[in-house]
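Going by the order they are written in, the chains are A, B, C and D; count residues from 1 in each one.
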């Protein structure tokens, strides 16, 4: 069974060590906030100047002056702090975040990332903080469904959509696999049990390499 | 005596000229000076360039200014928020110009103007379409593009508390673009939830020192 | 009678309007703080991040964490604030200060300022905040004795000492005169009563022009 | 659990390598981490580059490091403070290298490094000897010189209060270079007057968020 979106988020969350500073991109990565491992202090940063983002507020806690990058109301963890936008992006661009977990339209085997525009002529383009995050976090990982709704591969030899940043993605979490981006290309570290390697390759444009210690990708029901 | 307080919204936005570059603070509703946006609509200035993270939602505030045909150009990072209907209509009809800037660069370019610098070398967007036409250079093995200062004629801001010298505090993430925009405009106008006596804000807690503020109006929302 | 150093400071202080933001350079300009006109709110900025510098502390107020750019203990006015060094120089460099009142070794008739080094080989050079202030305040004025101790003019055709900034000085307060720096050169706005214009010219290397409304420069005994 | 507190000065400065660029905070005595300077002397690292506004006074602190022959180079704005006797001796004997940087540019260059930028165009020092060898360019009618980022291997800092996440406040003008140096070094070490419980500092009042801090030691002076 492919992982659900929440399970992809769960799998990515397992790799977050105690004490890491992380920015969660809009969309699929935002779900990571709901499945953080217990017993670890993980500090979520939001582009709009919140360091230490906590869970959604209950009715009594609701303050519309406290939102995340997706403009959803949030809370602040004990130990959290506020900075202005310029300082927030100093954190982001200056390699102060250990990790940016981002969504993607496509990732290329050299680590190129395309996640800001599909050039749909019906809509104006929007970039938000994606290019700053991709350029400035210590490490960039992507959460993405392995293929598009119509089955086209999102893990490609080269990105077809306009790039967000060149050669930045180091790890990809999909509904089918966990894949590292190495200088030799995509290396499959984990894959779900009910698909074989050739079938995974068929859903991927770029060549996949099998990690010597490849493991089964599984997640609890959620 | 220094007293930057004015008594009405009309007085606050008085004299804003046609063709102004307006730094418009806020991120979503947080820190967004909606009363000043409304007052600017009343005031009538047109041919404006608006700098904001987004491009307005609904038909009031920034969207109201656009809907009334007052905005020639938007400089923003993300004009696609749900509810940006006015902007999308104008954009499709080629009735508004869009300059798309990565969010951190938008903020850094305003800081650059506020700090009196001529530009900076940025790693953001290198190798992407948003670097098209920008000078590129390799420095110590990394590639950068040249970004220019972005200065405002006017900044419209929202703060929590303010004293007559213009010292400000903000509430939580409503801080966002406000402190930087206050530094980057020739005329900085702020709507403040609550005026307080001089000295009531602990000097250690002041986020925007009064030197960056020109006019303040009390709007208790 | 030439003005005393304190009287030069007093004269410069008379031109400070209500509500101005001013940085006072080390040395002669620092004396301005002691002779500010009554009834005006004048906000003194210090490079080390103090906006709204107040008078020297009494014994009870003394806090060695609160000093000015000369590292002398000061106090903070009601309405004052603290910023870090980078923000302090953003204020200085970004044309936020109405005025910088600086000391000088020499000023040239085109407004060039030399106030940071005399190239004395016995000492290492030091620049401090002088170049930032000269480049970034809305207006630069200089307080300086008209000649050196051995009588050499400090108001020159060209500076002999290394420059701090080019073409920035707009007004000069000396012990003998108040002089504006215009596109036509030095224009004497005020001069002390007991010296004639030719004598003033003799103490000045560059050509002096007489303002049509030239006034007597005088200061109260102090 | 995040806990950046260490129990001793020796632990705080452990591992600082020979040849390090050390961002040394403080302006005069205010905000100057004297205990860390002493600990660094004990620790023994040599061939250091020190970045500070001045060049030490007396024979302790930064001057003590210089006196013990540990400092190869000083990057500062004003090495001529009264009492900079050790530096002057070494300078006259050609035993120490001096890079003189205007005070605001010193700070801005560190911020530039902390912000991940490649450099900036500065109006400060144009046409002066301190612009010698720097690339110059006219932008929109004004002249600028190119300034490069100044990154530290280590920052030695002093704060007033700090919690186990590394969130800091400062006292009055002791803030000075501390927040920027914290952002510009790979390893930021702070001596804190008083450790407080997590949550005790109001999040609106935190000046340096913990993300910029690596190690903290309590020194109640």
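Simple rule for what comes next: a contact is a pair of C-beta atoms (placed from the backbone, for glycine too) under 8 Å apart; a residue touches a chain by one contact, two chains touch by 3 or more.
Remember, it's a predicted structure, so these values are computed and weren't measured experimentally.
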Practice problem: Using the touch definition up top, find the fewest steps from chain A to chain C. | Solution: 2
Exercise. Check B-C against A-B and say which one is joined by more contacting C-beta pairs.
Key: A-B
Self-check item: Chain centre separation (chain B, chain C; CA means) in Å
Solution: 35
Self-check item: For chain C paired with chain D, centre-to-centre distance based on mean C-alpha positions, whole Å
Solution: 29
Quiz item: So, what's the distance in Å between the C-alpha centres of chain D and chain B?
Solution: 33
Quiz item: In chain B, which residues are in touch with two or more of the other chains?
Solution: 108, 111, 115-117, 122-123, 170, 172, 203-204
Quiz prompt | Sites on chain C at which at least two other chains make contact | solution = 76, 82-83, 89, 93, 135-136
Quiz prompt | Chain-to-chain touches, reported pairwise for every pair that qualifies | solution = A-B, A-D, B-C, B-D, C-D
Quiz item: So in the complex, which bits of chain D are touching chain B?
Solution: 108, 112, 115-123, 137, 139-140, 142, 144, 148, 169-170, 172, 203-205
Quiz item: Which residues of chain B touch chain C in their complex?
Solution: 1-2, 111, 113-117, 163-165, 167, 183, 198-199, 203-204, 206, 209-212
Self-check item: Interfacial residue positions of chain A with respect to chain B in the complex
Solution: 46-50, 63-67, 71, 76, 82-86, 88-89, 92-93, 122-132, 135-136, 162-166
Exercise. Could you please specify the touching residues of chain C with respect to chain B in the complex?
Key: 18-19, 21, 41, 43, 45, 51-52, 76, 78-83, 89-91, 93-97, 135-136
Quiz item: Which of the residues in chain D end up touching chain C in this complex?
Solution: 27-31, 55, 77-81, 87-88, 91-92, 98, 100-105, 107-108, 110-111, 122-130, 170-180, 207
